[in-house]
Amino acid sequence: EAADAPAEIKVGTLYAGSGAMASTSVPLHVALEYWADGLNKGGGVFVKGFNKKIPIKLISYDDQSSPALAGNLTNQLITQDKVDILLADSTSVMTAASVPVARDHKMLLWDVTGSSPNFFSPDNPYIVLLALAATDRYPKTIADFVKQQMPKLGIKSVALLYVTADYTAFQATAVRNALKETPEIKVVFDRGVPQNTSDYTVFVNNMLAAKPDAVLEFGYPANELAFLRALNDTDSKFKFLFTGYGLTEQNLIKSNGLAEQLHHSYALAGPGSYEFKVNYGLNRHQFEEAYEHWVTSHNIKGVEFGYNAIAGYQAGLVIERSLAVAESLDQLELRRAAFTLSGNLDTLCGPFVLAPDGSQSGEIAPLGQILPPAAGSKELGLSIVWPADLATAKPIYPSP
Amino acid sequence: MRKGFVRETALVLLPLVVVLAVMPWLYNNQLLLLNIVVFLVLAQGLNLTYGFSGYLPFGYVGFFGAGAYGFALTLMHTAAPPLLAVLVGGVAALLAGLVLAPLLRLQGAYFGLASLAAAEALRHVIANQDLSEITGGPYGVRLDVPFRPVLTYGLAIGILVLVMGLVAWLRQSRFGLRLRAARDNPVSAATAGIDVVHGRLVVWLASATAAGLIGAVYAWSAPTFFPEAVFDLSFSIFAIVFTLFGGAGTLVGPVIGVVVLYGAYNVIGVSAPKYFQLVYGLLIMALVLFFPAGLASLAVRRRRDG
Amino acid sequence: MTGLLRTERLEAGYGTMQVLWGVDLNVSGNETVVLLGSNGAGKTTFMKCLMGLLPSRAGTVTFRGEEITGLTTRARVERGLSFMSELGIFPDLSVAENIDLGALFRPRADAKRRAAELFELFPVLKEKRRQAAGGLSGGQRKMLGIAKALAAEPKLLVMDEPSAGLSPLFVATVIRSLAECRAGGLSLLIAEQNVKFLELGDRVFTMEGGRVHFGGTPAEIQADDGLRRAYFGLGQDDHVRA
Amino acid sequence: MADGARADTRTTPPPPLLRVTGIVKRFGGFTALDGIDLTVRAGEIVGLIGPNGSGKTTLINVVSGLLSANAGEISLDGRSLTGLPAHRRSAAGIGRTFQIPKPFASLSVRQNLEVAARDGVDIDAVLADVELDRHAARPVSDLNSVSQKLLDLARALVTRPTLLLVDELACGLNPVELARVAERLRALAAAGIGLVVVEHLMSFIDSITDRVVVMNAGREIFGGRLRDAVQDRDVVEVFLGAPEPVAA
Amino acid sequence: MLLYALLTGLIFGLYFALVGLGMNLVFGVMRIVNLAHGDMLMLGAFTAFWLMRVAAVSPVITVIGTFVLFFVIGLPVYYALVPRLQRSREPEMLSLILFFGLSQVIEAIVSLLFGNNERSIPSRTLGGGPVSIFDQTIPFPWIYAACVSVVIFAGVYLYLYHTGFGRQTRAIMAQREEAVTIGIDVHRVSAVAFGLGTALAAVAGVFAPFMLGSFTPSIGVPIDLVSFAVVVIGSLGNPVGTILGGAIYGVCLMLMRTYFSTLADLLPNLVLIGVLLVRPTGLLGRTVRHA
């Protein structure tokens, strides 16, 4: 049986080495390289179908943040390189280019962070989402918190500021809908801003003028930096501040000297900050150390440990586990294998749960409140405030 | 006149179509093949306006996006068959071209940038959240169109034949000659009885329609996309770079530009992904510095000397 | 008279076409040389070559005893050569700025004084000094071109058809002012078709097919029926026949 | 007005080919044409002369449709041209040359004519006429400025104009060429084309025109025969600078 | 809110003008559409990042140092690329390709060396907290950037209008062939202009982290688009126009952000088109006489 085993398992992926998506894509890709290298050092990945360890060959192409090129290269991976495992580039915009190509070639697309609900439908079995709940589910904790906790805290008015792109606008909509069911809270400011907005001072100023009790801001990491910067530049403080990436991209924010702005703010405690219990692979702390060691020892510059790194690693682990169950490398068999993990795999991103259409419905981050560093420490503190079963502390409101 | 047309189509268009038609048997990355045809159409479409009227629209991608969205919205909101939707894509771009026709008053870089601004404006309108009910807004679109690789590829080649046929005709016809005269000197062209505005408008609309049609075909082959994907500025940049590099105003130039530069682009992308951008950038610079007249002119010069 | 400019066997051309076939010509200090030649004889080409605007393919150019064949235009201008091309102005700049640029390599004070003088000479330009030169009429442009060249106060002024497009009144003005400049020590090399400029010349050369021949003094030309016919028409001055 | 003129056909000469009345053209605050009238009959050559900047080229620009006048009427053959774009005026029969020649730089000499030619025009004959036949296949950038002017003229001719506006064709031409051009223009007039010729070379004007209009500062200061013009005090003062001796 | 929008609009306008000025200068003198302009700016931002953030060099010295450094870098870049380019048939159009290539190369090298992370510099690095003007709170770095922009405009103005080299520069802008004829050494003057353009981009880059929030190696293209818009609104080849263009662009952007933020990116594009339809060569463009 082992005779017809392939010499290597070809894992194909795309990443954006330049352009708008590069800063999210590269850390993720570096994590995949780390994962593949680790496996190969141990002799490869165990494949149930051949009942042996087979080395992994990671084939990666740079799509330069261009969806058109990403489509081509996905096709290249399928038709020329004949990969066994096909991964998409990070972000929905880039993943979108791979979804139809994979489907047309009946290749399972291992979708790492492309969480747009557009990608999933019952009639397309060729996609599974790995490292992030689908966009329409991801904001669940904050939406629930808004509905159930905010009135109790005495919050009467809310300001929403969000980037009008797929991922962020979805979250804002979820919160807005929650607010609609909460008549005691008024929305006093609701603004969408273009994704390339890099200066938020005007918005912060206008928001201040509306005097909201709570501010919820959803943006991509670059927007987040700009937003926090604007708070910093204008010396603004809010009683309740929620940011989209305050926890997941904390290292980036810290390295840009904006950590202080996060004190007492809230954010979804994604895997970059919240330690989900894992039942396979490294825990968060171990991975961070390993990742950073990998980055420095390979002389990779300008890559931060954060959510994207974890997502890449986690994607690798899911693939690894799936291969360990799959009877063959047949794509639908791989899908079946991935589904056997659903509900059984605890990952750095949370419990891995697949909906029937392949989208992710576990991996929903709890809501955390960021605390100033404890005396003598440089690290920011964190308490989980929602959902109730995970909560470690009560929210401190208003922020001091 | 007629003879030149026949010769050019026989020497350039026919072989090209034959090669494109047999390629799927030799190489099965269909999407790459389709993209080659897409860029051939974009480069030749740009060639129509730039090569014959001197207008270089940096925002050419706007028509491509208009075509893609024209196609998508038709399928999303009506029961029209995809083929009809492709036509709608072409018409959408044609209408966009008409709306932007006043920009033809501008010259040189002013025109280029104004058209870019127009393309950006169109993208922002389509991506506007308040219109998500209609356009999908920032959430993008997902179309449930049947995957028809042979049909889309064939359709793309058909569009290419139309556009290149038009280019070949313009090169040989009096209308084309008049356009070139108007490009050289609109003032003396007008006094020589040439309706400068009309000529420009015709090629401008033809060029817009070509981009719209091919945008629609592209959307058919990549039916899940976000606004930024079909309004990606690199479509414009590439079409311009390929056309100028190969030699505008010729039939073979843009073809050479696409084959050499887009070919190199994909080869480098696959063979040296780590240094993709660097190698490609250096290649482009070297080509400009060492073949400043474009490769097509090199071929022409050879022939004249020989 | 001392030798100011001398060309020896100067050859030049465009691409594969050779235009100048060994031009020998000299201009002495404080002398005016008029160059006659039919359409396409190579006068403009020769002048460009003198100025270093077109590389010469063979031969030498000597100016004030120094060989300048390989020098840049800038170096030639600094040595006292100046050129008025057929249509040479800066259309986007104002009239005053044009004249100012003519005196680019002169001390500022001299340039100011000269500009004032030139405005006296060409009141039309003074009137339009703040306007863009591109809005001038054909003849006004020519005037500006002349004024700009004169602003440089060169040792030798090379002029390509200064009278073309000028109305008779202004032709007279230009001739008068050139005569004045000559009195001030300026040498001139003028390519012309207008017979009135002949009066200005000390010597006349004829150019045909890229070669130059000494024609004689203006008086000799006037007297030589053949030359007169060849270059100024059927025995007519630029006067009205009745 | 026009009707009145028509009614008189039996007693007066045929109506003019070109009739320009009351043209005013301003550039910003500057009035370049200040109420100009001009009529040209078929077969007539009118000399348009005047000091530099008097508005001759501007008038030609207005008549040929490159500039629109602030006031005034233009009609050709009784048809109003006012408001028509330049190419329509060309179609109506107006041809012109440019003071600074404007060839189509990327086309060959022959193509320069091909684009403009009306059906049935013998392009090669016209080229031979202006002695550019030797250069027919060359790019125009190879031509020197005088040849470019002649090309301008040829291009105007192949549009089969009924009215030809010639802006300073003569300067830079040598006498032999001048004579030929003059002959050529007279032949055109003899064939029934009306011509307006702008020129500073009085001998040339004298050799071809029946009548001159002298302009100054956007107005007509004299209309009539050239030999009378050169005696006119105003004309001498602003244009000629000195009384032109008239050979008896 | 209106006052704030106007005030910050003007401040950003000045900054945008600084961003566009170098591009305009290079276009005016060399007829080169410098698609690598944004990348020069990005390099300036990296330089500032290292100098101020890592080496803690004072802002004033950083600005001056960056200016000098990039001026010097610009000269060899000019001689390596431009004279060759200008010998070609269509230099203006080919410049698009050449400098597109250059921008790719710069971006690639920087990403390879430093990675693609967002980087920024804390505002306090420039010293001083928020400043109150007309009761409006404005971040100090903005004021700083606006002031530096004004100083640089003054410098560029003095250079262009009151130095010999500057007059030669304007002559080349007006008509290259004629400039050669009157004896201007076009390459020397152009090289200086190119160096200046590069230096201006780099100085604008020093303030990019403060004005734009953060920067990555990929900001080149978006920056190019903004500076194009600013330059074109004010007229190509007209440095004064660029300041006007910057102001209009800045104020429009801030007004939109204040009142219709979702459309904040739409309006500047419409303004650009609108201005050009009314004045086809930009606000300060001259209409040329055609015949």
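Going in written order, the chains are labelled A, B, C, D and E, and every chain counts its residues from 1.
Here is the rule we use: contacts are C-beta pairs under 8 Å (C-beta built on N, C-alpha and C of every residue); 3 or more make two chains touch, one makes a residue touch a chain.
Because the structure is a prediction, the values reported are computed rather than measured.
Contact with chain A and chain B alike is made by E. In this assembly, the chain whose C-alpha centre lies farthest from chain C is A.
With D-E and A-E as the two chain pairs, more C-beta contacts join A-E.
The geometric centre of chain B is 51 Å away from that of chain C, both derived from CA atoms.
Distance from the chain B centre to the chain E centre is 30 Å, each centre being the mean of its Cα atoms.
If you average the Cα atoms of chain A and of chain D, the two centres end up 76 Å apart.
Measuring from the averaged C-alpha position of chain B to that of chain D gives a distance of 44 Å. The multi-chain contact residues of chain C, meaning those touching 2 or more other chains, are 135.
Annotation for chain B: residues 124, 128-129, 187, 276-277 touch two or more other chains. Across the assembly, chain E contributes 107-108, 111-112, 262, 265, 290-291 as residues in contact with two or more other chains. Touching chain pairs in this entry, ordered by label, are A-B, A-E, B-D, B-E, C-D, C-E, D-E.
Residues 28-32, 35, 124, 127-129, 137-142, 147, 149, 218, 221-226, 228-229, 232, 234-235, 266, 269-270, 273-274, 276-277 of chain B are the ones that touch chain A when the two sit in their complex. Interface of chain D with chain E (complex): residues 57, 61, 66, 98-100, 102. Chain contact summary for the complex, chain E toward chain B: residues 27, 33, 81, 84-85, 87-90, 92-94, 96-98, 100-109, 111-112, 221, 225, 228-229, 232, 236, 262-263, 265-266, 268-270, 272-273, 276-277, 280-282, 290-291. Of all residues in chain B, those touching chain E in their complex are 56, 102-103, 105-110, 113-114, 116-118, 120-121, 124-125, 128-130, 187, 233, 237, 240-241, 244-245, 248, 275-278, 280-285, 287-289, 292-293, 297.
Within the complex, the chain B residues that touch chain D are 174, 177-178, 180-181, 183-185, 187-197.
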